[in-house]
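Single-structure report; data block below.
As written, the chains take the letters A, B, C and D, and residue 1 is the first residue of each chain.
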């Protein structure tokens, strides 16, 4: 059983964000160098991931999607086993069968990751139903994107959760992009949270680049859910700083918009706050960076050393 | 080319409602007597159908569903050919291949009827896109139920229509029932129209048992759409007085609720108003009833006399 | 033994399994309304109506199955499965594998299909072959009351996702059902009639059609074996092949259309693994590749008839067809 | 003649047909972003990005097709079709029939599938057989640049709904494409190599595999005919059967799983209509009935290889297998 990181102190939140950033950049660099299929990074969205996951409790369950590294690492997943999975190696969390797109880690409560956009929304209600009917503690956090909010299953999932009063925190990571389509082209209005009203569900939008704000909003939301208030829609407003997948020249991205968001980099914001409010020094950050670089180096080496799955694995794990 | 009835005078609206009522009761009686599969009636919902269709123009197109007799008859469909279709006879509008569930009548602009709940919502956007791109006059009216509003396709259809500013009047016939499930069990809140806000679309609920109110609300909605205002969601609040299909003992229906709605029978309301405001007499109504009874008798006879399709028809109309 | 309808057999299986295992629950559009006896015995938590939304009904079942419940969902008519394909095919069928075996999906999805009610192609489309062509799923389609009961019970106890297809035309057929547990294992075909001259392989509503045909053939001295597949995936190839090797003549009969259907799979298996025993071409007698019509007259013409089965057997039983 | 990639062939077909017919338009997730050249030439009305919503993308295409437009929709990866099944199967495939012939549905739905990108089973599932088992649809799955271009153009001109499958593994294969119109008719298989000893029938990425195998077999004195189906529905049975009757030995090869797949249909057709000419069992060589894995090592093992095709042909070419 892996242990969960305790993300209650500001520097722990920063460290988690730095780990995610370093992890994703290392894999991006690797796929650029090796030409191997690259994963979908969430660079620029670290605060949205860490802020939410840091506010969850041990018994809570998480469902996520193709852009999941931040959720998994914040929850305590081993970057080495994750990289091994992304590279399709036998020590990956899913024996290499998932690759980067559907990594789930049951022992960490990260269940049923689907790369079908909206897939996690279709499954979250059932997971929450199990929690309720089997009398388990722990609510369900379901991460999905602004694009997923356009799929019909968003409507069906939120409505059923509301009618059945299921303990689900719906977390819409609105990163303004849906692969190669800007969110603006897919909906009128700026926010997904406003749709919650249609289901009689609370809906709140929070600055997804401010880790403390996201954590606070999540704590408020989960408190309401744990009080039996039923499901809750939390939208983290953020931005996908890199392309949809690696490599991606982002030729289709508006430079002004990109630059504006780069200037609101969640990691820079967190560091500034730590300097201003906790007296952190550049030296402190340097030590942090070094520690993380070492972890990522070790993880990468572990993954590269992990053997390919045996061909016999092709036919296993199909039926129970 | 069938001709369209002009439903601009109050008595014409009443006559259309009476025709629908008589048509559906005759078929219900027939299936009870003959044991043949019965169709889905909309008894109690005649004002919702007639009020909307009466406000449409010749060039407008209609998409409807399994509970479509009112829409078709109000649009001018021949009850004889409709009954023939319901009975699976060769003179039916669809050669008997549709039966009651997916009757479309292209010459009347009633296109692409689907009995898949939500099917009409999935097709309406494309029909409206054709109207716009081919520079045709005429908007699209899409009839669906409160149950269909729970399908994911409702979300996708309304959102795309809003983003693409398509000329669609979405008409939700909220008859409080979804086959054997009460609307109350499927959503929080009483109305579907409130969901329109999520798409930046106007949404209005009207008393679906008041034919004049429905007609007025529809004229206001279609005026907005024709002015290029994009799609509009109109909810007609009404009640399904009979079962889901014929026969149906309605054992699952709350008697108090049923009685309350029976007392708001749209036909009785229309008659009362004609008496009060236009000086109609019982004699006038009797003459109207007699004329309609004669039409239905003739229609029924026509349908019964219509031959079964030849077995060779089994293999035709598959590919263009 | 007691004689009950297929419909009653289904109700009994559900009640018995819900009684046996508290993790079993059932939901769908109108489930609580249409099964008041289940609602009364097991309560609102375990017998639920749902919104009209097949995708989330199926998805909820898949998510619940992976986390400790054993859901049974009623998806009504098979064409409505078109709204539920992602949950069934991409999630239930694949997430065990893609997760490296971290999850099981013990769920049953029930859907009706077939001619008989004159409801047309949007309510009547035999799509069992779709799921036979999808990994990680099991597919069951019985023909008798006893098999409906025994297979539904086995499906509910199975740790994998099972598509359970109910042929509408059989719902009110009656049959003997054992009074004991009466489980029928998934994956075993049944030889309903022994014969030497030809093998009739079928499932669902065309099984009785084949039995009638076999009766008629017997009268004219041709002895036909009749196999009811009962399970479509995993397919009981051994039983079919053993019979094919004995008779050397195979006629496959089902209502679903031919192209890439279950009959195609059976004919391919026979042609590959019983080739040397074959005395005549493998015949397929299926519904036409057209949408199901509503008109009673046309719907009647849609389903294979006993005379057609008899004619098909006569064709292959005719010595000229023999390759020997 | 000019040599272009499959990807370029698709782009050329789209541009040429949009130029030829103003009713042709294309939309889907990222279509306008990923095809700037089409956007530039035909404008925002005819080249559209959409919300992330496959059901309404497909439904919009169906509704538009019935009322005068000729839409082409890009649904990205084949497993995403699970969200679009109702529009494609229940509406496009059935509403012409159910309406007694009142509507046509001239539309093309493009989807990618197959191994090669290591994306796993939720992006890689060869489901072409599902649509071959659904009425009213046509299904195309080419293997060469020329056929991609010629068949996509024919699909866009066809008055029926066409599922156009793109095998990812072929996207960057190059091939000669005629400079003229270069239409390729839907429903005609191509005999890519003549042979007398055995017939290899395949489509999409396993066609080059079969050609390599035939080359290797030739070296050892076995002459194999290679047929590329190109269209899966309607299937060109005549071409397959004529070859089967000549060679008497048939091996069907595809990446999709076997159960109720296209290979099953082919084997069944051969076993029924070329039976008397068969000298050996009909062999199927297909991808396994498991979800497609992401791991490169496992994905490689998923697709039939030339050696395996060679071995299958040797098995049937071996006189002991002969039924004569």
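Definition applied: a residue touches a chain if its C-beta (ideal position, glycine included) is under 8 Å from a C-beta of that chain, and two chains touch if they have at least 3 such contacts.
Computed from a predicted model, the values in this text were never measured in an experiment.
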| item | value |
| --- | --- |
| Chain labels contacting chain B and also chain C | A, D |
| Averaged-CA centre spacing for the pair chain D and chain C, given as whole angstrom | 29 |
| Distance between chain centroids, defined by C-alpha means - chain B, chain D (Å) | 41 |
| Inter-chain centre distance, chain A versus chain B - centres from mean C-alpha coordinates, in Å | 46 |
| Residue numbers of chain A (touch at least two other chains) | 92, 95-98, 102, 114, 116, 118-119, 150-153, 156, 159, 163, 185-187, 318 |
| Chain D, residues touching no fewer than two other chains | 50-51, 53, 55-56, 79, 82-83, 86, 90, 97-98, 120, 122, 135-136, 289-291, 293-294 |
| Category of the chain touch graph - line, ring, star, complete, other | complete |
| Chain B - residues contacting chain D, complex | 61, 63, 92-98, 102, 104, 106, 111-114, 116, 118-119, 121-131, 133-134, 152-153, 156-157, 159-160, 163, 316-320 |
| Chain C residues within the chain B interface of the complex | 29-30, 33-34, 49-56, 79-80, 82-83, 117-120, 122-123, 288-291, 293-298, 301-302 |
| Sites on chain D touched by chain B in the complex | 23, 25, 45-46, 50-51, 53, 55-56, 58-69, 71, 86-87, 90-91, 95-106, 135-136, 159-160 |
| Contact set on chain B toward chain C in their complex | 36-37, 88-89, 95-102, 114-119, 147-148, 150-152, 178-181, 185-187, 252, 308-309, 311, 313-315, 318 |
| Residue ranges of chain A touching chain B (in the complex, touch as defined) | 150-156, 159, 162-163, 185-189, 194-195, 197-200 |
